[in-house]
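By letter and in written order, the chains are A, B and C; residue numbering begins at 1 in each of them.
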Amino acid sequence: MRLREFVIEKLLFIAALSSLAVLALIAVFVFIEGTPIMLREGLGSFLLGAKWAPTKGSFGILPMIMGSIWVTVGALLIAGPVGVACAVFLVEIAPRQVADVVRPAIQLLAGIPSVVYGFIGIVVLVPFIRETFGGPGLSILSAAIILGVMVLPTVISIAQNALEAVPVEYKQGALALGCTHWQTILLVILPTARTGLITALVLGMGRAVGETMAVIMVVGNAVKLPINPLDPARTLTSNIALEMAYAAGAHREALFATGVVLFVFIMILNALANMRLRRRGSHR
Amino acid sequence: MELHDRREEKCKLRVENLSVFYGAVQAIKSLSLRVYPNEILGITGPSSGGKTSLLHTINRLNDRIPTYRHEGRVLLDGDDIYHPDVDVNQLRRRIGIVFDLPTPLPKTIFENVVFGLRVAGVRNRTVLQERTEQALRDAILWDEVKDRLNQPALRLSGGQQQRLSIARALAAQPEIVMLDEPCSGLDPISTLKIEQALWDLKERYTIVLVSQNVQQTSRATDRAAFLLMGELVECGPTAEMFTNPRDSRTADFLEGRFG
Amino acid sequence: MAHHRRSHLLLVMAIIAGLSIGVAGCRGPQSGGLTVAGSTSVQPLVEHLAERYMAEHHGEVVNVQGSGSTAGIRAAVSGAAAIGMASRELEPTERDLHRFLIAQDAIAVIVHPANPVKALRREQLRDIYARRIRDWQQLGGNPGTINFITREEGSGTRGAFQEIVMGDAEISADGIVQDSTGTVRAIVAGDRNAIGYISLGMVTPEVATISLDEVVPTHDAVISGQYPLTRPFLLVTSGEPGPRERAFMDYLHQPACQAIIEEEGYVPSAAESRS
């Protein structure tokens, strides 16, 4: 019995280790491929250069960094309020039968392939934005809306957990003092769940930064510093996915360098989320 | 059941033939009870006796539980609290409740005390401060926290948090204060402080004290009611009930044979 | 959820890693098989035909790998591949290679069917993509900013467009970039002010083609050589092809294969030689 447990334990440990090793290998690989060109071109001119013409020797990825930031922030401005409102509805307001139908429906959203989102974007959303607001339609706004919907399941499910973790005593205490249900939500439940809600947003953000396929289809991919949300833009992920198939030499290195920047981006977000979670853990 | 003949109009709260159900489970069986102004009514009995269900029904905290339903009436100053015209939030301001676990909100001490007032729309700073001091004094907490009102309430000890919960209920100036096992989990010194506070408060408030603890009920209440499995076994002046219980089940409970 | 995101990242990285391994793999010839490497535009067509070839010629193995026209030509020169594939004409320095035409591909310029502009000169098209002409009104159309759509950097279609239409002018960075013929077509089909370019074989009635230098892009115009925006699909070998290479290349000129090429929307080389 002793021996069996020992073996199982070690096997699990090896499994955990191997997944970690794969991650480490990928990281090392991307960094080895990507860092030389950053050093050669100079980190400043690589990160802050506005011109990207890789076949002609210009490797500035600032337009892509800005594109990623615009699109991600835009997606959060949409998914944040909608997601939190939806979570409040599910946890606090919806009757059980309604919640039981809506919850799995939202989780279903997470299972739709991103190509489908992109296609709906091109066929429905892009023409709508072009006709309503002008511009080419393929834009930051389109990408932000599509991404906002795509990250909703993430935001909602984590926000839900945060709201459900609010002790029932807080709610009763507020109700007993004459709070209406709405006041209880606004004054007690949301402030108490604050850290959890922020975590939901940060994790949603990580998902938004990494999404590729749907974004390529609706964001326009123009390599240009975006000025307003109706402009087309290119994100870090779409830059890699668009050009990797053909790239060779310095161009390919530059795309790996784009991957390095993305990697660091996501690491920072992850660290932020973990910090939040840990703080919340010690708080409760 | 009510044997003590006091005049009808002096009754503050009257429960008439109340039965409470959660789905198929009946938590309270045809219970009738009166609470008179400026008294401390103790409600005691073993757990699952219906004590908390009764308080929640009186404060209408069960309104949002889908399986809950009740029969009978609860009258506050003669008016049915479940009448469709009654504003439930207004009602809860008239009947304050303190729970068995301290429930400070994750805010400062000051904000916790004035929470009910702010919700009720009180804005005047002076009023808020006066009420805070009064409430904290009433709950015998003022001396311990007067210099750190802006610190998080969650840093207080358990006993302080429970007295803060009482102060918070008092600050809203209810007519009746109901306490549900306020001293469970507290040390003897904190327990005595709370009992002391209640004794001083009954001049201004009507108090209902739910406690499983027989000694506390005997020490801190004017009259006592004994609830067993949803049924009111007996109710009368505390001293009388403790020295000469009319029902053998009451005697068994008081002597510690169950619960 | 963190797990979900991490696996997503992993996937992207794995794809990147896989691609680079694929590229690296092109450099060494497969022992025993006939290695054909080069343009990713030509690759799907040759792959399709190679499968038929292998089914009909038992024991023969043909490996088709996509790495870009220039890489394919270099592979043929170095001997890393037996045959190179190119979707562009050979440059002067590459003239000593043996050139074998399998098909002509025309690039059609497309607009929304409701767009009144039906004809452009090559200079006008160049100025649209260089962002010197910005409004359809300047071309006699309805007022509206021109939304021009281009392909991604490195695409063979873009390369041919750059070479034949743009010359030394650069495609403006303001242009919408899409990475597939399908999305370019879907966008043009939905936007009255859009213009794009796709392979003639991929044109559907949702979009309208534009005549270039007064030549409508039709099958006949491509065969006769009048339509300017075409590119050859070439196979190249270093010197005269050996017997194995010759057998495969001749197979592609057989009527059955030429019919397939035509079905796929390209102009077969046999048709060209007939004209």
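Everything that follows uses one rule, which is that a residue touches a chain if its C-beta (ideal position, glycine included) is under 8 Å from a C-beta of that chain, and two chains touch if they have at least 3 such contacts.
This structure is a prediction, so every number in the text was calculated from the model and none was measured.
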Maximum centroid distance from chain C, chain identifier (CA atoms): B
Central subunit by CA centre of mass proxy: A
CA centroid of chain A to CA centroid of chain B, Å: 49
Whole-Å gap between the CA centroids of chain A and chain C: 35
Chain B and chain C, separation of their C-alpha mean positions in angstrom: 82
Residues of chain B touching chain A in the complex: 59, 61, 64, 66, 89-90, 92-93, 96-97, 99, 101, 103, 105-107, 115-116, 119-120, 165, 168-169, 172
Residue numbers on chain A that touch chain C, as the complex places them: 22-23, 26, 29-30, 33, 51-55, 122-123, 126-127, 130, 136-138, 154, 157-158, 203, 206-207, 210-212, 216-217, 220-224, 232, 234, 237, 240-248, 251-252, 255-256, 259, 263, 266, 270, 273
Residue ranges of chain C in contact with chain A within the complex: 1-2, 4-6, 8-10, 12-17, 19-20, 23, 40, 67-68, 71, 145, 147, 152-155, 170, 173-179, 183, 186-187, 190-191, 193-194
Chain A - residues contacting chain B, complex: 95-96, 167, 169-170, 172-181, 183, 187-188, 191-192
